[in-house]
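Here come two complexes built around subunit A, the first alongside subunit B, the second alongside subunit C.
For the complex of A and B:
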């Protein structure tokens, strides 16, 4: 066989494999997602993170602050569950960052890039696996919250809306946290810095305690930042309160952040190697 | 010309047993552990920064909930002891994971082949951990000072204030060390400690006074050793009865140390690596 024949044959093989295209990208993402899920199911820290942490936080905050909050006329279980849900999603995203950094460190990412798979598959697979984890977390957290007295007071549709908005938030959070892993690449460093976005945005929000309880100079940040809006939208969905304004703010923030994080992630991903 | 000494004579001269020699060996291993901490300041900064951050955020968001008519400074005075204990308790996890990495990397095997006291590895780890804890107490207290925490009870009591939580949490370091000797991965220590450390610190008189909890939890809150230490530290820093609580804290520390050091040493002796 001549060299030209070989080349023609190779071209034909590549054509048959059909490496481009959106359906191929989705299929590849699911394979990587499956691999991530298998790995997740074998990490003991993940299992406590999924099963135990959200429930422990919910219980601890409820027991410690329910009485003081009812002095301010707040039904604390109804108030607290949305932010605990978002906190669980933060934990999910933080774990995705350290696993991605682990993949970069061990060379798994290089390996994936060397293979004829869609370039979107690594990040897409990460997202798929962590959305699956998020669904499991929600499915465990909400029944426990129900036992504690949390109710969807506006029916099934609002419950579905609650889950969808939470998952949208998770998508944005995983994308945002992937920047940390793609930018820093060292698992130890990522592990110790995942807390940096988490702490101010989750804790300095009106999710645990109404904005009026914060010092005056902090209130503008507490009111304006995305987590406060999303927590407010989730509360409105759960308690059947006026929904439109917090929901619009949340979705606006989430779309802006998704585009910002998404394009930066793609840019960083291309620079790695 | 005298003959070279034989092995038995050499061993006799080196005098490997004895309390003095043990203490010396422990001091050397401790020094090695502290040096490692000094050369990786990021770890200490990370594990001290987080409790400090939590303390600031809790002061900002819950002061008006817990002390409706008080100022932020009043709550800071109330909260700093608990933040200190909580930060240190979570820091003991690092002591455990550090030991785990030593076990895995072969450092401990190396130490076992050396003619040093058998107790040096574990005791050095605990003492090195205690050194780190002392640094952390100091930093947390300094930041506490910035938000209004003050010592009002004299120099000696202030020193006791700094030492008491170190003694108490060192007992928990033994738990972490025990878990590290048994662990099969570094995350196991974290996964086995965090889920119960969190409720232990929350369900104490640290964040909220006892009356803030529902009646059925109050029994646990008063029995909780963290409550005793928090009460003792409050007494030492700004008045109120403390002798009784200091004694309680020390008894708890002694009991936990006795149980978990025995378990850890047993597990260490059985471990064949």
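For the complex of A and C:
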């Protein structure tokens, strides 16, 4: 090839393989999302994480606390299902962090970074795959909850709202957990630390038990933190209780966290080495 | 070479004039904390040629590749691929290159074919073209039979081949190979070399780092030796060997006791080094060799072996750096 041919070829490649733009970001995210789903479908541990864990926890908490909660006039199955749903989403996000750390460890991420693909595609692909996984989890958990007596008492629209709010939470949780993977990079380290955000936010929330049941000094945290608000909003959607205040708090929290996590994640992705 | 480059920087587009250089780096510097990984790397690669970057572990080979492939921003200096600036036009640079890292970066859970299709689609091939291209590459890289097996069942050599195939799914102008055969057995290494030679024949410019002198010797048109973040020598394999001293003649005596006699017989031909196995400079190559044979013959002494030797790149490296390639700095 002569110099001019090469020049023309270079120009053409730069044009054809342009990585910028929203449509590129979406297309690339779906290609990587599809790849992540194939991977997930081949990991046996995923089956237990998706199918078994949430149901085990739902059953165990119900058996352990139903009686004491009914003494406080709480219909515990209606109270419990929202936080079990959020817990399942936490597990989903924790697994996404492990898989992302695996991609960093094997060099897959570096390969993607050196390719002309959208800078948002790796995270987008992660989100798409894990949202799909979240939908499967919800589709299994809710029918089981129904068998235990859980009901959407406010109709179909509220049920749809319940699922959408759950998926919004999953989006934020996966994005947030990706920071852990992008920051720590080592799968073992990530694996051992995924519990750190989970434990305080899920367990120290008003999701399993009302805030009054916590020690006084802890109550301000329990009341203010996002998981409590989101669990309250999900309960309101399921049981037809006043929705506006918890929903506004939830959406406010989720939007703030999504932007914070999202921009930090892309920033880390660009400069990771 | 400088002037057209300045022109391209001013206009922001690659100009036809500069295409006598496909990859260029000037004064690349990069620090990690207090460690100076690169301390002013200069190099250039003409289109269609293979540059071998030779150096021990920690010399800055991978950091150089990471800067050239937009994975890392250099602290100082600039670099271009086909005239596109790696710092200011990283997206353009990415669309021209293929990269095979030190560790085979393919998806273990996917089959070889699925991997190739994935990368093909990410490089804008349609689903059908990507599938066709995958079959083509599997055949070309001798992976057709294993194509539908998951990569985690692959041997090291197969993985590297797949990795190489993955970086040329959509043909790049420049291919970066970072220690492509580190840790491979000799047979797999030879196989990979053949594949690199085939890619070179197709006109792809190749930037190859290696710790193996033999590998640089075998594949590279020009060699750059780097040590502690700087280029310490540059040239063809022959140029480098000549820098250490040219050809020498090596003779092994059948009987070590003959050594004094042989030394006397060869006096006047230059300094003789060694015991048992004697070496002397052979500036005139075969002429010197036959002169040695004639003189040794004349005094009736038998030789176990006599040969004409060129210094190995190992010798070159030692002469240039004072340490061998195997040592980590």
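Assume the second predicted complex is superposed on the first by the 266 of 273 C-alpha atoms of A that agree within 3 Å, B and C clash if a C-alpha of one lies under 4 Å from a C-alpha of the other, contacts with A are read in each partner's own complex, and residues count from 1 in each chain.
Simple rule for what comes next: a contact is a pair of C-beta atoms (placed from the backbone, for glycine too) under 8 Å apart; a residue touches a chain by one contact, two chains touch by 3 or more.
Predicted model only: the values in this text are computed from it and were never measured.
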item	value
Simultaneous placement of subunit C and subunit B on subunit A, clash or fit	fit
Partner chain in contact with A:64 - subunit B first, subunit C second, else both or neither	first
Contacts of A:43 with subunit B and subunit C, given as first, second, both or neither	both
Contacts of A:181 with subunit B and subunit C, given as first, second, both or neither	neither
A:6 touches, of subunit B and subunit C: first, second, both or neither?	second
Touched partner set for A:80, first subunit B, second subunit C, both or neither	neither
First, second, both or neither for A:195, with subunit B first and subunit C second	first
Which superposed partner A:141 touches (first subunit B, second subunit C, both, neither)	neither
First, second, both or neither for A:31, with subunit B first and subunit C second	second
Partner chain(s) touched by A:214 [first = subunit B, second = subunit C, both, neither]	first
Nearest Cα pair across subunit B and subunit C, whole Å	12
Subunit B and subunit C contact sites that coincide on subunit A, given as residue numbers	43
Subunit B - residues contacting subunit A, complex	42-43, 46, 50, 53-54, 57, 60-66, 68, 72, 185, 187-188, 190-192, 194-195, 198-199, 202-203, 207-208, 211-214, 217
Residues of subunit A touching subunit C in the complex	1, 3-4, 6-7, 9-11, 13-14, 16-20, 28, 31-32, 35, 38-39, 42-43, 106-108, 110-117, 121, 271, 273
Contact footprint of subunit B on subunit A as seen in their complex	43-45, 47-49, 52-53, 56-57, 59-61, 63-69, 71-72, 189, 192, 195, 199-200, 203-204, 208-209, 212-215, 218
Subunit A-facing residues of subunit C, complex	14-17, 19-20, 22, 47-48, 66, 69-73, 82-84, 91-92, 94-97, 99, 101-110, 114, 118-119, 121-124, 150, 166, 170, 173, 203
